[in-house]
Amino acid sequence: MRGVIERLGRVRELGIVGATVVLFLGTGLSNSGFLSIDSFRDILLNTSIIGLLAIGQAMVIITRNVDLSVSSITGLSAFTAGVLLADHKGLPIAVVVVACVVLGALWGVVNGALVAYARIPALVATLGTLYVIRGVDYWFAGGRQVNAADMPSGFLSLGTAKIAGIPVLPLITLVVLAAVGWGLANFRSGRELYAIGSNPDAAVLAGVPVARRLLTVFVLNGAIAGLAGVLWAARFGTLDATVATGKELDVVAAAVVGGVAMSGGVGSAWGAALGALLLTSISSALAVLKVDSLAQYAINGLLLLAAIILDRLLALRVAARLRKKSRERSTETGPKVAEVLG
Amino acid sequence: MSALKSRLLSWEGALLVLLIGSWLVAFATVEGFSGTSNVSFLLLDVSEIALMAIPLTLVVITGEIDLSIASTLGLTSAIIGKLWNAGLTIESIFVIALCVGAVCGLVNGLLVTRLGLPSLAVTIGTLALYRGLAYVTLGDKAVADFPAVYTGWATGSVGPIPKPILLAAVLAVIAGVILHATPYGRSVFALGYNEEAAYFAGIRVKRIKLGLFVASGVFASLAAIVYTLRYSSARADNGTGLELAVVAAVLLGGVSFFGGRGTLPGVLTGVLVFGVLRNALILADVSNEVLNFVTGLLLISSVLAPNLATLVRNRRSRTLTPPLMEGNPS
Amino acid sequence: MSEPTPVLALVDVSKSFGAVRALRGVHLDLFAGEIHALAGENGAGKSTLVKTFAGVHRPDGGRVLLNGEPVVFHGPADAQHAGVAVIYQEPTLFPDLSVAENIFMGRQPRGAFGRLDRSAMNAAAAELFARLGVVLDPSGPARGLSIADQQVVEIAKAISRDAKILIMDEPTAALTGREVQRLFTVARTLASEGCALLFISHRLEEIFALCRRVTTLRDGAWIATETVADLTEDDLVQRMVGRELTELYPKVDVKPGEVALEVARLTREGVFTDVSFTVRRGEIVALAGLVGAGRSEVARAIFGVDRWDAGSVSVEGRPLRAGSPTTAMAAGLALVPEDRRQQGLVMELSIERNMAVTGMKKLRRGPVIPAAAERALAADWAARLQLKYSRLSDAVGVLSGGNQQKVVLGKWLSTGPKVLIVDEPTRGIDVGTKAEVHRLLSNLAAEGLAVLMISSDLPEVLGMADRILVMHEGRLTAEIARSEASEEKVMAAATGRRGAAA
Amino acid sequence: GGTTKDDTKTEAPVANTSATADAGAPLKEGLKIAFLPKQINNPYFTIADKGGAEAVTAFKGESKEVGPSDASASSQVSYINTLTQQKQDVIVISANDSNAVVPALKTARAAGIKVVTYDSDAAPEGRDVFINQASPEDLGRTEVQVLAKQLDYKGKIAVLSATPNATNQNTWIDFMKDELKKPEYKDMELVKVAYGNDEDQKSFTETQGLLKSYPDLKGIISPTTVGISAAARYLSGSQYKGKVALTGLGTPNQMRKFVKDGTVKEFELWNPADLGYLAAYAGGALASGQITGKEGEKFTAGKLGEKTIGKDGVVLLGPPTVFNADNIDSFDF
C-alpha cells in the first residue's frame, strides 16, 4: 500500500527510464558500437561525476532551495587535489580525498549559514558563492596548470580502475546514491526535508528544526561536490582554475529532468541520477551518431526539452486518471502552481 | 506591506548610496575614471545587460525565470550575420531579428504556460537549443562589415551618454510605468505572489506570462542588434554566459527570486553598480579573480543587508516569524 | 474548594505588532480536565493568544506558566515538548506528502535501522480517522483536500500527540454538524482523561454545548472569565461585542425577478454530475451538503476556475464559455472562494491592492491607476464592512482571519456583480460581523442581486435562504423552499436518505 | 531602399603611413607595455607573457598582464578601453575576435598607443604589427606530414580542434585539407573535424566519440594544447593506445608522460615565451620610432636577434620545435 506521491514519483522516474532506453536503442540501431560493453563503461564513467552532483543537488532542491555553487566547489576541490598530489609526492590518496571532502563541506557550511540563518534565497546566496569560490580558485591557481604527469599514476588509475569489470567512479556514485536515496525515503530527517520543501512555514509549526536541516543539506551537498572534485582530478588529469565552469546548470537540469521539482517537496535521488544518466547518454550518443559537431548543441537542447515534456505529459496523465478514480479534487491551477518555480 | 515597502525602499536606498559611494571613491582614487570617454565606455559596457534586465525583472516578479536570453542574443546575432551576407537591407534585417527574438520567447512561454513546465528547466533547455541553432546558422564564420552609419550609432553617444543606453533608458521608463502604475503591472505583482488567487480574481495568468516571455525574447534580440553593431561582429558565440550577469543584476536590484517583489529602478541601479565597480576595478588593475569575488560578495550582501536588519528587528520584538517566508511560492 | 495549579497559564501577557496591540494584560488559566472556551470578535486577539501558548510568538510582557513554573518557549518545538498541541486557525499541511505523514511528521513510527514504517503509520492514521468518523485515505496526498478535510487532518494531527494541553483555534469553522459532534465526543474523552483543552469558535451554541468556562477578549484586552452555566448567549455576545447584538438573520423577503443564473446538467468527471438549477434576481439560494459533497467544485466550475465536462451555464440568458473566469466576471459573476488564503487573497499585498485587484479596469484613468482612487475604493468598502485594520497599506496577511474574509467580500462586492456566489461567506467570522454580512447579503438581494450561498452552517442556511439546494456525493438530492425547510429535511437529503427529502 | 552589404566598402587601414621609421633611434626607457591575452590564467599565455615581461624589464620598461577570465569574443574590448584610459604606450594583444576588437583598437591607436598582436591577429587596420608564431601554412601542412609519416600515408584521420570559431585553428585546418589534396595522401581521408572547445572534458568525450563512430580511425591531429593532452589521456587509458597515432600542438610538460609511455610519437609547438618576448620588443621598437610597421623594416629583438617585418606588418617567430622522446626532457614549459 504505497501513497499517490510515491506512485506519481515512480511514474515520473519511469518516464526518464523510458526515454533513456529509447535513446540507447535508437542510437544502437545506427551504430551497434554504442551498445558495446566498452561504450557503456565510458557512459557510466562520464555520468559518474555529474550524477554525483545531481544526487546532492536533489537533496537541496527537495527543500525548495538550489545550490549553484557546486561547479565552483568541484573546480576548487579538483585543483586542490591536483596541487596536493603534485607538490607532496607520497601523500596517501585517502588523505587527499578526505581533505577535498572537508573543503567542500566547509563551503557547504558557508552556503548553509547564508540560506538557513541569514535567510538569503538560495539562488542568490549560491550564485554569489559561485563567483566567490571561483575567484578563490583563480587566485589559488594563478595560471598554474597541474598535468597528469605531475600526479602519481596510482591516483590517476582511480579514473580507469575497475572492480569486477565495473569502473570505480560509477561505483562510488552508486554507493552515495544508495545512501542518499535510502536516507531521503526512510529517515525521519529525510522526510523532514520533503516537509520543508513542501511548506516551509508549516514545517516550523510542526517543530521541524528547519535551519539545522537546511544547514546539514548544504554541508552534505558541499561534501559531495568536494568528492566529485577528487574524482574529476582522477579522471581528467589536466587541472586548472577553470575546471567544471558552467556545470551547475547541467546539474540542475539533470535533477529537474529526473523529476525533482524546483518548487520543492517532490522527487528522489534516484530520479536525479537517472536524469544525469540520460543527459550524458544524449551527448555521448550525439558524438557517436556522427552528428555535425555544430548541430550537437541544438540537438542536445532539443532532447533535454523532449525529456522534460515527456515527463510532464506522463505526470498529467496520471493526475487525470487519479481525478477520475478517487474523486481527487486538486484545483486546475493547483498542479501548475506547484510547478511554478520557487 | 509597510514593512515590505520600507524594506524595499531601504534596499533601493542602500543601492543608490552604494552606487554614488563607489562612484565618488573611484572618481577620487582611480586615475582615468573621471574622463567623460570613460563614463561612456562604462555605460556602453552594460547596455546589453540593461536591455535584457528590463523584461527579466518582470519575468522574475511573476515567479518565473528566463535563462535563454543570452542564447537568444547569440542566435539573433548569427541570423543578422547570415542575412547580411545574403545581401538583405540592414533595416529589414533588424525587423526580422526582432521577430526571431519574439519567436524564441514565444517557444519558452508556450512551454511554460501551456504545458506548465518549470521555466528554469525549460529555459536551460532552450539555452542550449538557441545557442546550437546559432552555430547551425552561422557555423564558425564571423560577419564583420556592417554599415558604418549603424555601427557608428551603436558606439556613438549624446554627450557622455551612449545611444544604446539612451534607448535602454527610454524603454526602462516605459516598462517602469507599466509595471508600477497600470492594471497590467498590478496583475504581474499579484500573480507573482499568489498565482491561484490571481487566477480566481480573473487575471489572465497564462496570457500575462506568455507576453512577458515574448517581451524577454524581443529585448534579447534588441540587445543582439546593439551587440552586433557595437562590436561590428556577428558570431554564433556572441554573449555566451551573459545570462548569469543579467540574473545577478536583477537579483542585486532587489527582485525576489520567488516572485512578487521587486522594482525596475532598483534593478537599473543594480546594473549601474555592477558597471561602475567593474570599470573602476579594471582601471585600478585589480586582477580578474577579485572581480569575480566582488560580484559574488555584492550579490550576497544585496540580500544579507536587509535581512540582517529584519532579523535584528525581530530579535527586538521577539517574534518568531516563520523563516523562509521568501520560500513560499504562489 | 482549593483550586489545583493550572497546567498552563498566561499572567498579564501583552503582545503588539508594530502599532497593533493584539494582546494587553491578558490572564488565562487552563486546568487539567477542563474544556475552556475563548471568545471574542474578529481581531480580538484569540489566535495571537494561541500562538503565544504555542511558542510562535514570545510575549512582549507578562509570563507563561507551565504547572506553575514560568517557561519561555523558544519555538513551536519547545511548546510541543512541553506537551502543548495546537490546531491553528489556518491549516498548515504539506501538500506533497501523504495525509498520514502530515499527521506524524517528525514522529513517524520507525522499524529496523530507523527505517520508518509506512504501514504502521497509515494504520495509525486510519485509526484516528475512524475515531473522528471521517473517510480519508491516509496514503493519499494532502494536496487537493478541501478546507474541511484539511481541518480534519489538523485535528487528527493534534490529538495524535496525546498532549496534556490541546488548543483548538476555530477547528469547527469548516465542519458540518456530524463532524462537529464527533469532534466534541473526542474532546470530551480527552478531557475526562485529564487533558486540558482550549476551544475557540464563533458559533456560540458550540461553546455552550462543549465548554465549562469561557474567557472573553475584546480588542486584545481581557474582559472576563466565567462559568458558561451562569451565562446566556446574549450575555456572552454582550461581553464580546460590548453592545446589544442586532438580529443575526435579517432576511428581507423579496419578490424573485427573472432568472439571472441558469445551470443545466452541469457535470465534471468524478466530481459532480447532472447539476441543474436556477437563481433568480433578488433570490438567495443556499447550497447545502456534507463536507466533500462537491459544492465548492460546482461553484468553481460555474465561475470558470475549473472546466466542466458537460452541461451549460448562462447568466441572464447568455451562455458562458467553459473555464474562463474573465468572461464569467464580464458577464457579471462573482465568486467569494472557500479558501481565502490560497484563493481569495494575495496575503503579501496590501489591503487596498487586494480590494482593487478585481476592479482595476474600472479604476483606470488612461493607462494608469490613480493611487488615490484605489485607496478611496478600499476605504469605502472597509468602512461598509467595518474592517479592523491599522493602515490600508498593510499586508492583508496581518489581518485577523475574519477581517481577511471581509476584505475578500469587499473585493467582490466592489465589482457590482449581477450574480454573487459565496462559498462559506461567514466561515471564521464573529457573530457581530456575521450579522453585518447577512444584512449586506439580504440588502444586495433586495436590490436585485442573485445570490448563491454555499454554507456548512445550517442555521445560516435556514435563516438566510429563499430556497435550499442540497448536494450529496456530487448530485443534487433535494430542493427545499424556505417555507418547509427544516434541519431534519436538509440533513436527510445531505446524507442521501432520499425519501425524507420528498 | 536601405543599406545592403554591397553599399559598404571596408575602409582603408588607418596605419599612420605619415610617420617614418628611424632604425637608429634608441629603445626608449620606462615604456608602459600591457599584455592582453585571450584569457588570463591560461597556462599558454602565462608563459608567453612571462617571456614578454622578461623582455620589457630588459629594456627598462614596465609591463603588466590584464585580461578577461573567459575567452569570449568581446570581453577584451572593455580592457582595451581601460588601457586606453590609462594611456599605455603599447598594447600587446591576442585577439579573441579579429573584428570585435578593431573599433576599440582604432580608438587606442588614435590616442597614440602602439598596438602589437600576437598568437592571434586582429584585422590589419586595428594593429601596427602582428607577431606570427609560425606561418599558418607551415603549421597546417607539417602537421599532416608528421602524421602521414607515422601511418605511412594510409587510413582515416580526424581533427580535434578548439572552438568552432577559433581563427587560428580554422586557418590551419584549411591548409591541412589543402595539403591532403596532394596525390601522396590519396589513401588518407579526413573523416571529421570535432570541437573540444578548449575544454578538457569536452575534448576527452569528443575523442571517445571519434573512436566509437570510426572504429577504423588511424590518426588524430589536435592543433590545440588543451585538445591534444585530453586526447592523449584518453588514448593512453584505452585499447587504442599505440594503435591510433596522435599529433598536434602541445606543451612538453603536458605531453611528457604520453610521449614516454608511447601514446604520442611527435608533436610540435613554438616556444610561447619567445613569442611574448618578440612581441614586447616589437612594441618597444614601435613606441621608440625604430619601426612603423611597414614591410621591410628591421629591428633587433634581444636574444632573438634581428627580425624583419614581412608583408602587411607580419613578423615571423620562426619554425616550430618538434618534440619527441629524445629532446622533450630538455624543455620545461
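To keep things simple, chains are lettered A, B, C and D as they appear, and every chain counts its residues starting from 1.
In this text, contacts are C-beta pairs under 8 Å (C-beta built on N, C-alpha and C of every residue); 3 or more make two chains touch, one makes a residue touch a chain.
If you're wondering where the values come from, they're calculated on a predicted model, not measured in any experiment.
For chain pairs B-C and A-C, the one joined by more C-beta pairs in contact is A-C.
With centres set at the average Cα position, the gap from subunit A to subunit C is 43 Å. Centres computed as Cα averages put subunit C at a distance of 74 Å from subunit D.
Subunit B and subunit D have centres, each the mean of its CA atoms, that are 35 Å apart. Residue positions 56, 75, 305, 343 of subunit C are each in touch with at least two other chains. Across the assembly, subunit A contributes residues 138, 201, 204-205, 264, 294, 331, 333-334 that each touch 2 or more other chains. Along subunit B, residues 135, 139-140, 196, 199, 241, 287-289, 292, 320, 322, 330 each make contact with two or more other chains.
Applying the touch definition to all chain combinations yields A-B, A-C, A-D, B-C, B-D.
By the touch criterion given at the top, residues 31-33, 35, 37-38, 41, 45, 84-85, 87-92, 135, 139-140, 142, 144-151, 155, 227, 230-233, 235-238, 240-241, 278-279, 282-283, 285, 287-289, 292 of subunit B touch subunit D in their complex.
By the touch criterion stated above, subunit B contacts subunit C in their complex at residues 1-5, 177-178, 181-183, 186-187, 189-190, 193-194, 196-204, 260-261, 317-320, 322, 330.
Residues 63-65, 67, 111, 115-122, 124-133, 135-136, 139-140, 195-196, 199, 205, 241, 244, 247-248, 251, 256-259, 287-293, 295-300, 302-304, 307-308, 311, 320, 322-330 of subunit B are the ones touching subunit A in the complex. Residue ranges of subunit C in contact with subunit A, taken from their complex: 54, 56, 75-77, 80, 86, 88, 92-98, 100-101, 105-108, 110, 114-116, 118-119, 122, 137, 139-141, 143-144, 146, 269-271, 292, 294, 297, 300, 305-307, 323, 343, 474. Residues of subunit A that touch subunit D in their complex: 31, 33-34, 38-39, 42, 46, 138, 141-145, 147-149, 159-160, 236-238, 240-243, 283-284, 286-290, 293-294.
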